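Everything on this sheet refers to the single structure shown next.
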Amino acid sequence: MQKIRVTIWNEFRHEKKVPAVAEIYPEGLHVALGNGLAAEDLEIKYAALDDPEQGLPDDVLASTDVLLWWGHCAHGEVRDDIVAKVHKRVLEGMGLIVLHSGHMSKIFQKVTGCSGTLKWREIGERARLWNIAPTHPITQGIGEYFEIPHEEMYGEYFDIPKDGNIIFIAHFAGGNVFRSGVTFERGFGKIFYFQPGHETYPVYYQEEVLKVIGNAIRWAKPVFFRELSCPNYPAIDKVGE
Amino acid sequence: MQKIRVTIWNEFRHEKKVPAVAEIYPEGLHVALGNGLAAEDLEIKYAALDDPEQGLPDDVLASTDVLLWWGHCAHGEVRDDIVAKVHKRVLEGMGLIVLHSGHMSKIFQKVTGCSGTLKWREIGERARLWNIAPTHPITQGIGEYFEIPHEEMYGEYFDIPKDGNIIFIAHFAGGNVFRSGVTFERGFGKIFYFQPGHETYPVYYQEEVLKVIGNAIRWAKPVFFRELSCPNYPAIDKVGE
Amino acid sequence: MQKIRVTIWNEFRHEKKVPAVAEIYPEGLHVALGNGLAAEDLEIKYAALDDPEQGLPDDVLASTDVLLWWGHCAHGEVRDDIVAKVHKRVLEGMGLIVLHSGHMSKIFQKVTGCSGTLKWREIGERARLWNIAPTHPITQGIGEYFEIPHEEMYGEYFDIPKDGNIIFIAHFAGGNVFRSGVTFERGFGKIFYFQPGHETYPVYYQEEVLKVIGNAIRWAKPVFFRELSCPNYPAIDKVGE
Amino acid sequence: MQKIRVTIWNEFRHEKKVPAVAEIYPEGLHVALGNGLAAEDLEIKYAALDDPEQGLPDDVLASTDVLLWWGHCAHGEVRDDIVAKVHKRVLEGMGLIVLHSGHMSKIFQKVTGCSGTLKWREIGERARLWNIAPTHPITQGIGEYFEIPHEEMYGEYFDIPKDGNIIFIAHFAGGNVFRSGVTFERGFGKIFYFQPGHETYPVYYQEEVLKVIGNAIRWAKPVFFRELSCPNYPAIDKVGE
């Protein structure tokens, strides 16, 4: 069995600066995620913004099948040339799973062509995610809905393209709704945006959240890697004069 | 009646360097297009890459409802900060019509999140565009198909997102097919990609081509202009403890 | 100005049998709707299940541009041959607006190919409809959301096709979410499903609800009427031996 | 390994009446298809219009995971109650692969809500099918295009819904284009329409055609079988007075 090579990229700043976050995720939320996702068919590596080459030197990217992305306060620090390389790799086949505040990351904006703007509120309210795609690989093992006891609210209007296949619609106790799980395809790569994961709540220890992300990794696994190019192509049929 | 403020942006290089192109479009293909599109409800201005601020200073962009874009050999010269401003304006409501070789322009890649790559061939073959969306505003006045006697071939696989509403499917005499008219929406703006328009053929004098582009301008007219933002949003419902 | 010829079809049974409904809609909810929608550009007629030919003799259908459909307890009584005629007229260009419990009407099942099943609850809870399509003609004049104080709950999973353009996502006070406004296109006709309208609440007197339905009528107006057929079509190009 | 239970339904009339067809498909095209598709993971049964219960008694349907449908001159003879059962089974999870002239079968019209009308021409011209979905399971093993030397032409405008995921776009030598492979989802079932297969040419012996249909069977395999219903659903959250 060929393992899926997963790289979990984390901005990894909140954990170092905010004690309340460090308490929940002492090794960083990427490591908590990696521990929760661990399985025989996955080979998991970690990458962080403050690593050399922002965690994504060419050899790392070239050996990644599915990239998870968590970023928030430092979106602007991610180098444009690195975003361009990640984007190219997605178009060539790599899966991309953008988590929570990654909705405004450069890479999500780049693959969607949208701003990723939304409404937000940070009062730790209950989120309930309804499963809108019961036959989709990402929702297998998930019932008709699941709840996250405390989560940051993300609400509509969410500026994303219409080719998003809506997997979950969430309701937040304070009254907003949100397309909280959405898939896209760009080039030969598959993309999943998933709302849960505010750094001040232990969301990435919750079973359903890990189940969804694990399913998404298997779903986003590359069918193949292939370069996109613009070939001059000879005529197949005879062109009359 | 409030006129639609149209800006036709042209790279405007081929016309100055290649006599065969200059012969067809002595004042530039943007001006030919503008002459062909002239109508009471349109207020047309021109912009070119070699104009100050690459033809798109802030006041021009701020007074444009629909932007037409023709570029080819100098995509790389278009400044990233100007592309970012055009993109922002599209998300806020401006219509964008990307013509022919604009499939690999920075702005088209930015709104689609894709590479825009395709197959091509330059032997002046016949293109036949089939109308796949008979009720769409863009195809009104166009029959079941129309032909362009000589055109550059653009063929599948065309790397674009799946939310493209397919308006035309073309067949080229040499044997390729192409999604040659496709609409998208990003933010509050409408986008139309239209294949015809190779610079060495008088495509922008052809009645059906002008009809389609004129229809697209009226269709892409902004519903409103509105900034996209990420507001902190108070709870509507009482959140229990 | 050519008026849009609107026919409001109502099952018109609850009003006759249930005093509480009759009190809200003494002349039938179709007439309340028609009064609320009245405008210079609309020519409104009424039709009911117990009228001759179930309210839709050929001449009525042939002079209808947009058909509104409200049915509930008597879906099964609607004759298949009449449903087939309505369907044919939709494919040929007629707009169709299916309201509330029409989600399981024969005509909605016929245009969607789905069951239209959903969850429901009748406790008169508050519905809040979020506007997910701010630039769509149907939401013009509607803010980011509006509320209906008392409504029947309709909740996901809603069995409809994926080409539904989602206009509203509703949240109900009891905890469910729903794609409560969705558009489709079939043949040359436009279709809008809109959730509000339980017969025991005065929903069709509410300004926002009338605004949405009025917008939908103008949006669903036929571009043209044209028969769909399967023509034998001569070769355009010479086919080699 | 649990085998996929495939039923190949064939109208099976042309083969009995037309010697030229019988010569190509002496046992019926369903049997030729079955022979060509035979594989360890498939359990194939056959059904024909003139069999008892039109080939689809309840036990057959109840033990079918994926149904292939080929019909042409006798669409009208297929009983409505049987179509309704097939439809129900699709909504509950069964895969459905509609072949060639099935575009106007009752079951295809029922799942699409459209007429399935198109242009056609029977001169045995060459079809070339371009692969528009290189990462889709249905196109694996298929290159950028393949050709069928002699086929009936089916051309646009093809009346189908917009949620069709376009897998192939065909060009026919006589000059028409066609969305010749399209997938849909209805309820919990997956549907694939595939153009090739005119009865007077040996299309179902061609390797690429069999490859595509075989891929489609594996893709359309049910994720699960589940009845769709309309449950009365208790409130999750407390509804205030």
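To keep things simple, chains are lettered A, B, C and D as they appear, and every chain counts its residues starting from 1.
Methods note: a contact is a pair of C-beta atoms (placed from the backbone, for glycine too) under 8 Å apart; a residue touches a chain by one contact, two chains touch by 3 or more.
Here the structure is a predicted model, which means the values were calculated and not measured.
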Separation of subunit D from subunit B in steps, with touching chains one step apart: 1
Steps in the shortest chain-to-chain touch route ending at subunit C and beginning at subunit B: 1
Homomeric contact subunit A-subunit B: same or different residue positions, threshold half: same
Centre-to-centre distance between subunit D and subunit A (centres being mean Cα positions), rounded to whole Å: 35
Whole-Å gap separating subunit C and subunit D, where each centre is the average of the chain's CA atoms: 31
Touching two or more other chains - residue numbers and ranges from subunit B: 128, 134, 155, 162, 173, 175-176, 185, 236-237
Contacting residues of subunit C [partner subunit B, same complex]: 93, 128, 134-135, 140, 173, 185, 188, 190, 223-224, 226, 236-237
Touch list for subunit A against partner subunit C, complex: 128, 130-132, 134, 144, 155-157, 162, 165-166, 169-171, 175-177, 179
Interfacial residue positions of subunit D with respect to subunit C in the complex: 87, 91, 104, 110-115, 117-123, 125-126, 153, 155, 159, 161-163, 173-176, 184-187, 228-237, 239-240
